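In the two assemblies presented below, chain A is common to both, partnered first by chain B and then by chain C.
Moving on to the complex of A and B:
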């Protein structure tokens, strides 16, 4: 375990140093972060700007909480998940996956922790700030916050597993740039409380693609109106998904035929 | 060799690899048809190869493009699962990719790189040190040694993207050998390098082999790499091992087992005339070259000296390049001859 923490520290040091090589990139990234946040806030503003006080049973502040979790999750993906996952297909295409697989280190750990995008860390801070701002006007208990934290960890595990599973298909298909588009397209729905959608869509967003578990469920836990069934479902889905993704990854690696030299 | 060290031998029996490939008709309609329903065909990349390497042995692995060299190296390093047969490297089954096995081996590919592009090579070395759990002391000793043998001074702190191809290859080698592996798979380690760099890389591999008794399998397009490093040669063609033996014997096999006789003449002689003494006659002004059967070298040479006005006569094995060209150019015929010989 300490070995893995040490490796994460070294990988992080290397990837951050590499990004500091390109300073001009930083400005662009900050602007892009602000743009994304603006779009998310605009969406919720439009939703409530039509005169209604609640949407799907959520007040504006409560819905803002969901948006906060949405921005936080987008930040998590941009910083930790996407930089690693987008390189899987590239590594397979160029053959540098060979080196990863020949290292005496779990390959899934290696491809998942090798890079991070520091430039998008502001997204995470903005998301956290928005959650604190939204919660400050709501009655939130300590227990609610703790449960929300556990459920949000499950949510992040689910996000990671979906990304990894989609990216792992590159072992067979080699090119998978559309994976990011596919995920973002569906994940966009997570910016709104899932109860704002008609019933069939709500069903799909909970059970088919567990988008509801990612942002709505932690927000519900914080405001203390989460049903116990959903509170249990989230960690269970996360564990099951992790096991399945692990199995899928190992199968993909076993069938790997490296790009010929 | 101490008993605590696992033995660095390589044992290969009837190793096979088949690939599934998709066939596609040319043109857009072909692409469309292939997208909807693919025709899959199995191609045999390696068809039953067997050999054994003793610990510390250096072998050259030769063959034309697509012969199965890289596929074999990838099976031996554990990247590809064999379709059949047995491979044991340092006592391990490569395809299981156990940690203890991976710490014993390395694979260097001249056309692929593992160094972090935007950072100095030293950063990549530190990452590898952590991954292979190399103790600080050993890391420093190895670095000192590599820096000296490869003359890495001054290039370790430059970003990899700013290095020349040769400098980068030296750093790649250092990164790949930092954990002191005992079995080295080197796939075209000198490709694209100039003559001086090739020599530097060769010297490093020779030095490493002598210092650590490492077993080395080397593929290369440059015959000089192979002749400088390996005494034993494996030749693979179309997935079959067609020669396994020492370099001198491979040279003897060339030209149908003949030797090359070079002549300097005082007066011009026609090629047709020289053809009476041997085959593959080449005449260039007063210089001539012909091949004679090995058993009759002295008799033919004596006859040449008696019949013609010869200023100088030398007998030598054909150059290894010529042997290889003949082996692969002549295809089936050469294969039979070599196997039969």
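Moving on to the complex of A and C:
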């Protein structure tokens, strides 16, 4: 365990110092972050600008909380998940996955933690800022915040598992570099509380692709409107997904035949 | 000239047909107008009288599905290609050809539309049936929409190309493309019909090409815009195309000098 923690520290140091070499990229990354935030705020701003006080039963501040979790999650994906997962398909195509598998270290750990995109850390900060701003006008209890934190951790696990499962398909269908875009397409719905959608869609977003668990449920926990069933469902789904993707990953690695053989 | 066009188009079409799985994945990832559609439909259903700003659920569905369709036809990724070509130097061999490197890229984008349109229309029919959208029954609207889309696409291609050429000077030209996308999405009407925005935003929007590229053809398809509105929109877009044509040419010439100086 300590060995893995030490490795995470080494990986982080290496990737951060590699990126600080290209400091001019920072301006571009800030532009991208502002663009992302702009889209999220515009979408919600226009929606509330038409005279209605609530969207799907959520007031503006409450919905802003969901948007905050959405931006935070996008930041988490951009910083921690996407830089690693996008390299899996590439490594399989070129055969450099061999080197990862040969190392005396769990391959899933090593493909998941090797890279970071520190340039997108502002997204995470903006997301956190938005959550604090939205919560400042709501009555939030300490217990609510703690439950929200736990539920958000399971949300991040769910996000990671979905990305890993999608990227792992590259072991069989080599040309799947942009398959994760499919997740982005569905995840776009997470910018709004799930109750803002028509009923059949709401059902799909909760049970088929658990987008609701990622942003709506932590926000509900903070405002104290969470039903105990959903509070239990989120960690359970996260655990189950983690186990399934782990199994899926092991199956995939077992069928790996390298690039030229 | 005609032979050149045919060869260019045929080769790029073959290439795009090879990447058909990717094309479909990219197509499915552009869902923001569909998300907005669902939210607005639910809002309209909950509102007193069943409508917001003169739109009921089915009209929202029609508008946003039209926006989705037009948006699919306006997809441009040339900025990323240019960023790659300029940074990796693969632009150099292309400069040796007696043809502006813009044309193969333009042909690739047009060819991709032909790969995209089949599955897109299938999805459109499914979505329309599910959401209760009903497109206009005026037959003139369809060729007019197509014409506006061609103009809008050309306009977008030219300004994205210009932004991509900034890669001659900066490492982060693709971020400019992302910001341009935000303007396009916001002022084009991807989140809501433009009439839903505050008046001052609308006043600014009419001075940009975006509402004519995305919102106008969508309104034509939805039967909410007249022929004369479409006509004046087309003229404005044509003006923008000419403007961006010359801006592109200028930036290209300046950039080439810079490229020669560094890459040699």
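Throughout what follows, the second predicted complex is superposed on the first by the 260 of 261 C-alpha atoms of A that agree within 3 Å, B and C clash if a C-alpha of one lies under 4 Å from a C-alpha of the other, contacts with A are read in each partner's own complex, and residues count from 1 in each chain.
Note that in this section a contact is a pair of C-beta atoms (placed from the backbone, for glycine too) under 8 Å apart; a residue touches a chain by one contact, two chains touch by 3 or more.
If you're wondering where the values come from, they're calculated on a predicted model, not measured in any experiment.
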First, second, both or neither for A:181, with chain B first and chain C second: second
More chain A residues in contact - chain B or chain C: C
Contacts of A:201 with chain B and chain C, given as first, second, both or neither: second
Which superposed partner A:146 touches (first chain B, second chain C, both, neither): neither
Which superposed partner A:35 touches (first chain B, second chain C, both, neither): second
Partner chain in contact with A:132 - chain B first, chain C second, else both or neither: neither
Which superposed partner A:240 touches (first chain B, second chain C, both, neither): neither
Which superposed partner A:43 touches (first chain B, second chain C, both, neither): second
Partner chain(s) touched by A:10 [first = chain B, second = chain C, both, neither]: first
Partner chain(s) touched by A:56 [first = chain B, second = chain C, both, neither]: second
Chain B and chain C footprints on chain A, overlapping residues: 22
Complex contacts: residues of chain A adjacent to chain C: 22, 24-25, 27-29, 31-32, 34-35, 38-39, 42-43, 46-47, 49-52, 55-56, 175, 177-179, 181-182, 184-186, 188-189, 191-192, 196-198, 201
Chain C residues within the chain A interface of the complex: 21-22, 25-26, 28-32, 35-36, 38-43, 45-47, 52-53, 170-176, 178-179, 181-182, 185-186, 191-192, 196-198
Residue ranges of chain B in contact with chain A within the complex: 19, 70-71, 74, 77-81, 97, 99-100, 102-103, 105-107, 109-114, 116-119, 123-124, 126-127, 130-133, 159, 187-188
Complex interface listing, chain A residues touching chain B: 3, 6-7, 10-11, 14, 17-18, 21-22, 94-96, 98-99, 101-105, 254, 256-258, 260-261
